[in-house]
């Protein structure tokens, strides 16, 4: 698959949130206003790209040579968790402003299944290092796109008269469902016809 | 097979050890100080985010308490209990007034009892109604029933009955004062939580005028003053009010009120059971 | 002045324009009617049943929601219009439960869960259609032949675009475009079409293939209300006259779509760039219905002129993408609801200019 | 229509309905027995009441004194006795102190010829003093004290004096008739103002639905060889607003929150110009004004010259009363005017018309939710986004509303007029401004 | 510093325990997993082999559809056909198909091993019934790749999923051609 | 003790009340059997991690608390993975990437953080069981709705001659397929959450 193909796949066709059900917790939790949604989106994109690359290295330099692929889950999550904490510490020191914008979302990312998800999917798709990185980045962009659209819709919904039991999380899910319905327009055929 | 187990052991242990040490080192080198008391204070606050303290939400107040030395008694929903807990964390002592105050509507005028000056058409918001001649009731002191207080109440303690009268459930009220702030006619007033009666009228018009436009308005006849003894009824500005510090028996005064505008706070509780939501769009065909 | 007048007090302005929400909805409904009648005429009474089912389900759902949330919005015409549009987007032979489910989904989930008319961020009719399209794809793609093309043994057939989609998958020859492809592959055409196209070709010295007349008038299989571009455009004239729709969305939609088709549309037929058949693509597959009646839905399109143009271009681009590269032959509904999703974002960032 | 000037963004076309009165000559209104003169008839601080109950007043006597920089004098419209001083609601919803005068005694001016003053020898300050003394305010509706407006700040130069003869509000024809019947006097008034502000150019903007007024003003200017540019304008509401008028006539834009003088312009309404003429030349304080009594509910619509303080009921009676029960009675134009519920409300300096509107004219309909049609956005002459503003205000997010320009809204009513969902947008804007003010006072 | 080492070693200890226990579990499960995988393939091959003997797998490098094949021999050891390992293009992604084809190009049997098709539409192809439409074609009649090549009845049965249908058909067509060209190995 | 168990089932149901662990709830709920498999996996991991976390609560240093928990959880997940692949390969395949993702299921880390590291082993076990069962029941409900509407079937274990698939007469022929897809999953959970909101509000009255 070409890099463009990977990007189209993970942003639109296999959008992590709207078709793969990965990363739903932050998608629902942090989409109440646009600013924090964008912050979360960028933080996720950043971590996903790095994690995808790091886990590629683990897989190909440790697990495969030693024939211990069954330790994939435990090593990947270890690396991701440490990576997130490390990134948090580094950002905190390098740029307090960036930390203020992204910092509060970083701890949430450890348990964001999208990050582990992209690591595992990259390995399963047998991507090379750069492809893994691009896939992680693209999946993050897909997350950013979805959460950005979602937060704009939710800001609008704030001023609508929504039946009481539906306010908050339920309507966010229903909104997500309708978004997913629309995203069904993007399918594999689109990719094959476009990229060939 | 054994080799595999050894490899697993080595790789994961090394990885774990490395990351553990790395993180510990990083945490030490890159440590950023943060006052832990902020979190503690925040966890004590009730989390209503009502804004009564004047800070943006409970976390804002917690930060202000720790960093800016804000007063410890500003959280009205939490009351004395919370203030004491905060004081403990901050190592200070506080004095808190004991009585909890709640908001109550001092008007019971409805379409049946009060005269209306004109047909109003527009926003269902008291402040907006106020722009047009101070509301559609002839009485300019009464409750406009636009429901602005219902809209601002963070805990759904305010509701209206089928006659559109507005009631406050004192048990749900967290004393944040938002409704009192928003009310343009000042008909929403503080009352001690344990108050037995309120004078449900806010009209400072002369008795004769009040009588003309409202059958449940205080006409300043002073009968309650005379009957109550040490019940604390006082008529000022053509309007009776109760001094709640005086604990005398008030029933005689209540019963003798010709306008029946002194009502028990228990009534309020009964009426609000069915809280109606204000829908601002009144579309119809 | 002794007598007491019961005067109304309200804020300025004291007079209003004659348009109301209800009048807008009903006007759109009326403008849509000719195309629907045409659909009933060519597809038979079955089409009428579909329309009745979708409208009835939609109006009843609205009534039910009105009862539940204690508001009265039945007469504003929006539910009727939604039902009508859902019916228009159905094949005539569809089982009746399909339009019913679409209508219920549209009104209850897409509209009322978001607070009723004005609260929804997605066009209810289109969301309803897409919902049932993905649920019952085959039922939604089984088309009835119009009466003028109905031979003794063929009762169902493919829409021109559907025919192209499957036909082109393994086509290696060379044709001048979709119309010629259809003619060459024996896609049915009316006699009138032949005469009209011959007249056009001889009068204007063009070399057009047959089929354009059928396409424009609606002598083709397709959804009940979308086939007749001519009658839909007729209604559009009145909408423009009444200023109920503005030019931004339809024009930017059709222009961007047409441009893309012109540039890239010929590639499928082995032609060079800048040789796509704009006319064929605009009059087929519900673009007219979509551009003038559904993309222009006020609730789900942007507020500002700039926003509307961005929206229209987006819909045009996505329609092109889906129709030419995706697996769905038409793509109008999906393109519109995809852009519906981005309307709040567009509105947020296309603020009006402050003149000071 | 092509080539005619107008402002660039927004605007609406409400039905004009000026034919009801545009051929009716201005006549003096009947003088009733009782007058109610409010002390707050202008923008700014209320006047200080100089009389008490029982006092005798004469026609044109000062009874309310300007109480600040932005304030104005108020004069007794008729000779009489002060019967009562009470609080009344003015049409704009404000509570004001008002002097009730019972007609009694002799008129000093009524029916008496006045000598024309030779004002040309007066200094600028003298002229401004006379205008201030006479209690002249902007008669277009804004009621901004005229002397303050004409006071050019130091260092500023006036390039344009623009006279507002637009009268874009539907129904109203008072300015129209004034220009037609008293073109010479208006010209004299313009001369006086020009002597004060010393503009480089003088223009008068008139919408082309008043061809006779355009002609009359052109003729008057020609006759007097006065360099007045008569600018015919396309019909579009709210062209009569200062900012829109300046944009239409001069092509210049007034920045947000600034006054016209910032861009070297002074604007004055023809009614004000006429009042300046009367004050300076005839030494007559502002005690009467021309207004239009009209609307579908009025039997015989008329243009009247009525004294300040006349109860509206008296004027309606003079116009034959109601032909049918009106849905509402409006003071001012239908776009920016106010409904009243008490017909004894008096005429004030800002009353440009009295309308009795039937439900057919009002066209009220059920209010529905906003359907985001965007018409208000296209109609707003200030380029604001009324529906978004309204949503913020409706949810109490007044600061957010301020951020997107709430304070630039001047309540022209275009959005509310065009809204198919009948959302009370203007009331929302007023509410928002009120709550912001309240918040600022608190802070 | 001590502190750091202590923390690091504790984490390492937890990791070590985890790793060892996982290694032990893996020692138990891995043979089982491999056995299961083998069995699944064997089952499929057996199903496709229609009673014949399956030879050794051969990779095919330069074909986009045919990934490899097993030669099929009858009891006498004479080659009668192939089992092809095919990859087709479906609606939702690749289709992994195993098909038995005679040396003359006739489709003998088809099994869908793996797909990502829409449940209820393309997913129906996992159903053995579905593949009946292809069986027997390829030698004399062409492998159907479009619904129009089927009878009305059969076409109705594969409602909607024309892309899946074509994906399988094209893969089989390629296999049939491959077999025809190759003939006997 | 029993209270720790029952709270997870309704009052603090991880999916409907505290809204955690959504990704698997939606991802694998296309078939009832998937829900059962996933639920079993989660119960096992939750139980194991809760036991170990509460046992080791004094041993684990504060600074590497989270990594340690994650290692413990990941070990149990890997065990589940291997066992499932060995003994229920079909189920393993249909759960796909969601099995390793149990690691990041917020419920498990959440319970370790919020409960197990503060409580005794016994109450941690009860808590794990309650939460696990609550999660499984919620998952079953979602899967039941999605499968019956979206495919017209209910897939259970094959036992003897019973294939494990129950066909619902009318729906099986023309199922509302969207419910089996991503959009349907989100819609279903939205409505269920709203129902629970409404119900708990009513109960509170």
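The chains carry the letters A, B, C, D, E and F, assigned in the order they are written, with residues numbered from 1 in each.
The working rule: a contact is a pair of C-beta atoms (placed from the backbone, for glycine too) under 8 Å apart; a residue touches a chain by one contact, two chains touch by 3 or more.
Small disclaimer: the values here were computed from a predicted structure and weren't measured.
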Mutual neighbours - chains that touch chain C and chain E alike: A, B, F
Chains touching both chain B and chain D: A, C
Farthest chain relative to chain A (centres taken as mean CA coordinates): D
Farthest chain relative to chain F (centres taken as mean CA coordinates): D
Chain pair with the higher count of C-beta pairs in contact (A-C, A-B): A-C
Chain centre separation in whole Å, for chain C relative to chain B (CA means): 51
Centre-to-centre distance between chain D and chain C (centres being mean Cα positions), rounded to whole Å: 49
Distance between chain centroids, defined by C-alpha means - chain A, chain E (Å): 31
Gap in Å, rounded to a whole number, between the CA centres of chain F and chain C: 42
Multi-chain contact residues (two or more partners), chain F: 63-64, 67, 71, 74-75, 78, 82, 175, 177-178, 181, 183, 187
Chain E residues counted as touching two or more neighbouring chains: 7, 10-11, 14-15, 18-19, 22-23, 26, 30, 91, 121, 163
Residues of chain D engaged with two or more neighbouring chains: 339, 341, 364, 366, 368-369, 394, 424, 427, 430
Partner chain B, residues of chain C touching it in the complex: 6-11, 22, 69-76
Chain B-touching residues of chain F, taken from the complex the two chains share: 63-64, 67, 71
Residue ranges of chain B touching chain F (in the complex, touch as defined): 16, 19-20, 23-24, 27
Interfacial residue positions of chain B with respect to chain C in the complex: 118-122, 128, 131-133, 136, 279, 281, 283-285
Chain F - residues contacting chain C, complex: 174-179, 181, 183, 187
